[in-house]
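In the two assemblies presented below, chain A is common to both, partnered first by chain B and then by chain C.
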Partner chain A sequence: MSVEMSDDPQATPRAIEGRAPDVFRPGGWVPMRCHRDEDAVDFVIVGTGAGGGTLACKLAEYGFSVVALDAGPYFRPLEDFASDESEQTKLYWTDDRISDGANPLQLGSNNSGKAVGGSTVHFAMVSLRFRPEWFKSRTLLGYGADWPIDWREMWNYYTEVEQALKISGPITYPWGPKRPRYPYRAHPLNAAARVLAKGCEALGVSWTETPLATLSAPRGLAHPCVYRGFCVAGCSTNAKQSALVTWIPRALAAGAEIRDLAMVGRIEVDDDDLVSGVHYHRGGRWHFQRARNVVVAGYAIETPRLLLNSATDRHRDGLANSSGLVGKNLMTQSNQAVWGLMDDEIRSYKGPPSLAITEHWNYQDKGKDFFGGYAYMSQGPLPQLWANTLAQARGLWGARLVEEMTNYNHVAGLKIVGEMLPQERNRVTLADEVDQYGLRIPRVTYSWCDNDRRLIDHSLAFMTRALEAAGAKDIWTQDDDTCHLNGTARMGDDPRASVVDADCRSWDIPNLWICDGSVFPTVGGVNPSLTIQAIACRTADRIRAMARRGELTGQRATGTRTAAHATSASS
Partner chain B sequence: MHDRSRPPALPNRYPDYDVLAKRNGESWNDKTREVIAERLAVTATPLFFSASEFLLLEAIAARIVPQPSSRPPIPVAALVDRKLHADVADGYRADGMPRHRDAWRRGLRALEAEARAAFQRPFVELSEATQDELLRHAEAGELKAADWGGMRCEDFFKRRLLHDIVLAYYAHPTAWSEIGWGGPASPRGYVRLDVNDRDPWEPAEAEPGREQEAARINRHVR
Partner chain C sequence: MSNDTDWLVGAGLALSAIAATAMLQPRPRTSPSPAPARLPPRTGPHPRASVRAARRLNRAAGMLAASVLADSSVEHYRGSFKNKAMVTPLAVSALTLAMSAHGTADRRPWAHRLRDGSYLLAAATGLIGTGFHVYNVTKKVGGFSWQNLFYGAPLGAPMAILLSGLLGFCSERVRDTSRARRPHVFGLPAARTIAAVTAAGLLGTSGEAGLLHFRGAFHNPFMAVPVTLPPLGAALLFNAAARDPDDDATRAHPLTRAWMWLLAAMGFIGIGFHAYGVSRNMGGWRNWSQNILAGPPLPAPPSFTGLALAGLAALGLMREHPDA
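So, the complex of A and B:
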């Protein structure tokens, strides 16, 4: 078979010549509006995950011309996804990266994605709102940094995203201010979720069914979840409401162009200190797409990497970096666990991995010796993940490992998503080595602070009690795991202390925007995807409002940074 | 200290269960069939490693995931070899670690040098207990031969050797049957999710002394 004939989505771009893959039909196509490189589009978006995919959809629906580029392949889940952990590592961002610091991060699997749809293609679908106070954690709770956005405004955008993804969730949510009922009913509990519930009830804390972005009823061409349990290896039935099957089909229908296998290496900035487009690698060579605005949505490592790799003589420290904060304040979330064996058969591989949750320690401030909070959820590791956990975190190998693995169907676990504090020393910088595109690779440096350790210790002690109360034996703790990545281009009210403003617009370059988890000033104790998508929806609304007032670059008369932001902040 | 050199005492908890009996059923989609068929066709001829490297890797894999002699072995070393041949990476490495292919070559060379320095014999000729002893020293960060270069032996042991070998073993259907996992599940999925609940297409766990009952059920898992 010739290269031109190949339909290997990892080898040859699929979204070309006026059509893109139809994710709902094997071998199918949908029409796609295409733009020429030399024609400046309103927005070029780098990345198509929770931030970029959502924003591409919203901006296209608002009538802007949009080209969204993704370094990864354009999959049709129904035909491309196997029920196999090894095969599905093709969803991960596995380009070369160096990880160092006192607590080096494990990258590549649960905290990255390289596909159209980004890491939402393999995320665990947990869709939680921030606790309202976290948007003002410095002022109200005494730690971290305040967001420049009011929680009541976010509450409306959360509702929009929950509706857009038909989140399945409980009728009443036990924590926080009133929220609308979730659009779709909650999924049934599996045995692993029952263990969480039993532990919570024994210790007197609330629990609930986890709000999840996977269907509990039919939706269009997508079927309800069949509980096959491969969620974090990619959903082969399209029940998962990833950006790939939600925002992106909407974006195409509204006229956006998606370019797969398109790696952006540099943002071009002109002599007026405005960006003019992006250099991207596709089909074996470099291209340049002109654009009136550039949005970087590559997640917390690739976003700062691109800004730093785009340095020029006039922007020696990288773009949008007059604050010196690009790459700094990287925040992962702690992901420690307590595991044990039940007499009962649990078979936690069935169903979404985290069907039950408690956010008790996100909302309860008494009895803590640390700032921030954590949620914990039931778990359902597949065999490779579980074996690797026993090997890496428990140090088992040899006969002990293969024997312990035969207890697989009796394992129950509780795992946190814990808040880690922003620290400038935790950061993304450029290493001297280069990748397959000739671009300098990122060096990711991470060290926990004392508060991070105290939160982890508190969670492990509490979850150990909960698992004991649920009847587990042979309990042990997994101390080293982390998950989502945020920070590195934080939003704020002060150009000296942040990279972008509340609208995700960079302080330094008014037509350069950042719209992904990078903009988080703090991470809270919940999975970030719902908040990233809510921010993207808000950003799209703000861009539309600014465009109507003639405040986007090229439309406004005043060119100074102060004037531009005085205007946008006054609305 | 735990004696790692003993063979595994594997209870036959899922007698007569073979996850591959499901491969033509509703739990396997075409893509899964294609991927697993490729894996099952892997032969014990290296494509990435040299013949001597491959022998050493086989000896190490036998210590990390010892296998019972009662069934055909999982070709763990060959599966690791294929992953490296296909250049499948993890997406990160510790400071001082080479990329995965170079790390494996260097790590094997260093382990061989350590064996010869400490015991005057190639690694593959050492007793299982001695092989384990050497691997424990690597795990503990105690090996310092010049061949390691800037790579810490504990990083190689944990992040490369242990990681890749364990994942290779549990990528194989034989291992899935051994632990009673339902296996691939698209599009059929599961219905019975609750405590002690089991779909007819999942294996039954044997209660001690009642293996025949479970075996009878498991022979019909499709």
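So, the complex of A and C:
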């Protein structure tokens, strides 16, 4: 009863005393199994986004005891989300960070979230599979690094995630190997999407409806999409199939505990070089949760930051860092756009922002002067974002900005998600400054390479032609935007050249795992969340298989370490 | 836009022409006070049976027209009556509904000129409407694609008013030939012709429901009902239509009749399911003004009821007229 004192999810934790918010009912609650700090649980997971949320669900369903901590609040979208861009900045990770390099990243809204559900709470729902060759891009395409996973295995995990999120997509997908039918049908195209389609048809390349993680028909208590376009400010209808309304409720039902407003500051390592739990800040003080395994899933900046911040005398460079690669090979994705004005009203903000897509340049290798690929999609910026874009990218202000805003309803745009190459100089390190918890803040260093630039130039030239062909006038290019964060703890076959193995298990510490966008060796030209979730599903299956064979006891199957911690997994 | 206006004018002219021809057609036998002496001698069963069947058909046509009236009002309102021709189905279905009500009440054994004209108008509207809808779908980027079939103008929808018109027209023929040895439509045995038309209508309507329920990913298992029961009903009706008319033992068709009642009920229960579907949209019924447009169409399922009633009328006629 004392829990009713404050219901500000950003001020007071909600998931306490045996219950967690019911995301489907205003003011509602669901029961939650709780663990005591001193009881070692099978898995502590740091972060509840695409990686952590998915893994928490799957591991709990496999019978492991799970506590998943998130630094962010536990929202009920139906009552906590406003149709107001400014209000919804509460979804972003805006803690202090230093951003530098030749092309410093703009951190916050377009790349990181802080909430139970992680960045998926305000992501744009585009749910794409990798091109199969990208899993072996070094061997097959001559750039980047190979993944230690076969694409055919990933194909099955993609299917699992698409089913779990009831992805709505086209009946037939024009590119890549056959995939099963999407569980829900594609959404109706808005006028902005039809501009993309017209451009593609004029230039003779395929296009299709974008597979999206938002409902085109009801699902349980979640409503179908209402096409109001607030997606990247948080979806207040629950149509968006974020981790918050999909994996997390399943995780709770399966017995996982979620702790909101719980910032993990350090992972504890014992004298046997095994992790034993995490120190986390919640309700104004530090706690220590004991665990047999720790999974880090804080996304590509917070994950390496936590590993680096957990350095000890025996692990001076941070945990899992014998390769020296923790924090390195950070990859964002190019997010350049071409904008123009159409004679007809477009009202591009009606509906999810990216209803139509072409992956032509992901699958076509001829005619490229660069490695990698890009997809481009139709756009639907909300007014405040659009005014910001005009101010920043075109330097408009005052009367000129106001005048340009009167064209808002006629704007159509095409925007890429482009592959950037992994470079060790693009990295996350620790700055000397500390944040509100007294933890050293991350320094994010980013510079494009020539290949990145060539890809961007190619895309801008192609999209300009496409937009012209669709009948747009006053075309201009926005050439500095980036989105998504990956890398910084890459997976691989070689302990000297990677941080984790194919199972997301760290090479150095067998009961420390990393399961989020950080493990990507390359990013490809598609948005990453479907792949992150597929990896998490695979990791859960691998963990279950290892537990059954007794290989989770702090020991690798082929390793020489002595067992120190037994896992009590029941499955 | 001028293109659309041309369409509108053309369609309007065509419709008036058809209606005018139908109404001006001389009809001596339908004069208000026909002398009983001029009636042809009775050779078959009592004409009352035919008139009863005809009235049932008027009722079925009215049911379909009501469904079209409600459905096209909602859907074309949703489309903001962007093209002026979009009011046509409202006007025509309203007229057809009124005429059908008139026919249902009318016990006289001869066709009615105004009803006949309006039924032909309805049928023509259905045909032309289909043309409009095909045009709407194919002119969209992507052309004849799933996207446009799902979200463009529904290709099957105008068929409902076409069916209403056809059934109504058949009804008038049945009345007109009620004193003949056997009721017929253009020389074809009436009951079996109507059964076949109704069966085809059931298949088409079921196809339309199938397309839209596929769009909804059959997310509720009950969404499979209107794509399984009606085709079976159509098969039963076709079977009845194809039976040897002289075989007295098979004229009752109890299973087919029961199936038609089942479909009639399904149409009404479908409204309930669609109402539930509306409630599952954001805001539920409290937000009715938006959700009636966003959710599954409430007036659509009763078109099955209309067709089932037509099937029953045909079966009734078949039972009473061995040769119909």
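In this text, the second predicted complex is superposed on the first by the 550 of 571 C-alpha atoms of A that agree within 3 Å, B and C clash if a C-alpha of one lies under 4 Å from a C-alpha of the other, contacts with A are read in each partner's own complex, and residues count from 1 in each chain.
As a working rule, a contact is a pair of C-beta atoms (placed from the backbone, for glycine too) under 8 Å apart; a residue touches a chain by one contact, two chains touch by 3 or more.
What you see is a predicted model; the values in this text were computed from it and never measured.
Engineer: Just to be sure I read the superposition right, which of the two partners does A:324 touch: chain B = first, chain C = second, or both, or neither?
Structural biologist: After superposition on chain A, A:324 lies in contact with neither partner.
Engineer: Which partner does A:216 contact after superposing on A: first (chain B), second (chain C), both, neither?
Structural biologist: The answer is second: A:216 touches chain C but not chain B.
Engineer: Look at A:388 in the shared chain and tell me whether it touches chain B only, chain C only, both, or neither; answer first, second, both or neither.
Structural biologist: A:388: touches chain B, not chain C.
Engineer: Looking at the overlay, what does A:197 touch: chain B (first), chain C (second), both, or neither?
Structural biologist: second
Engineer: Applying the touch criterion given at the start, work out whether A:81 contacts chain B, chain C, both or neither, answering first, second, both or neither.
Structural biologist: First partner only, chain B.
Engineer: In the overlay, answer first, second, both or neither for which of chain B and chain C A:99 touches.
Structural biologist: The answer is first: A:99 touches chain B but not chain C.
Engineer: Does the superposition put A:180 against chain B (first), chain C (second), both, or neither?
Structural biologist: After superposition on chain A, A:180 lies in contact with neither partner.
Engineer: When the two structures are overlaid on chain A, which partner does A:226 contact: first (chain B), second (chain C), both, or neither?
Structural biologist: After superposition on chain A, A:226 lies in contact with both partners, chain B and chain C.
Engineer: Go through the superposed model and pick first if A:28 touches only chain B, second if only chain C, both, or neither.
Structural biologist: A:28: touches no partner chain.
Engineer: Please tell me which partner, chain B or chain C, touches more residues of chain A.
Structural biologist: Between chain B and chain C, the winner on chain A residue contacts is B.
Engineer: Which residues of chain A are in contact with chain B in one complex and with chain C in the other?
Structural biologist: 188-189, 194, 226, 237
Engineer: Over in the complex, which chain A residues touch chain B? Could you list them?
Structural biologist: The contact residues of chain A facing chain B are 79-87, 89, 92-100, 104-109, 112, 188-191, 194, 225-230, 236-237, 344-347, 349-351, 382-384, 386-388, 391-392, 395, 397-403, 405-406, 408-409, 443-444.
Engineer: Going by the contact rule at the top, pick out the chain B residues touching chain A in the complex.
Structural biologist: 2, 4-11, 13, 27-32, 34-36, 39, 63-67, 83, 88-95, 99, 132, 135, 139, 158, 162-163, 166-167, 169-171, 175-176, 178-198, 202, 205
Engineer: Name, in rising order, each residue of chain C that touches chain A in their complex.
Structural biologist: It comes out as residues 140-142, 146-147, 150-151, 214-217, 219-220, 277, 280-282, 290, 294.
Engineer: So in the complex, which bits of chain A are touching chain C?
Structural biologist: Result: residues 166, 168, 170-171, 183-186, 188-189, 194, 197-198, 201, 209, 216-219, 223-224, 226, 237, 239 of chain A touch chain C.
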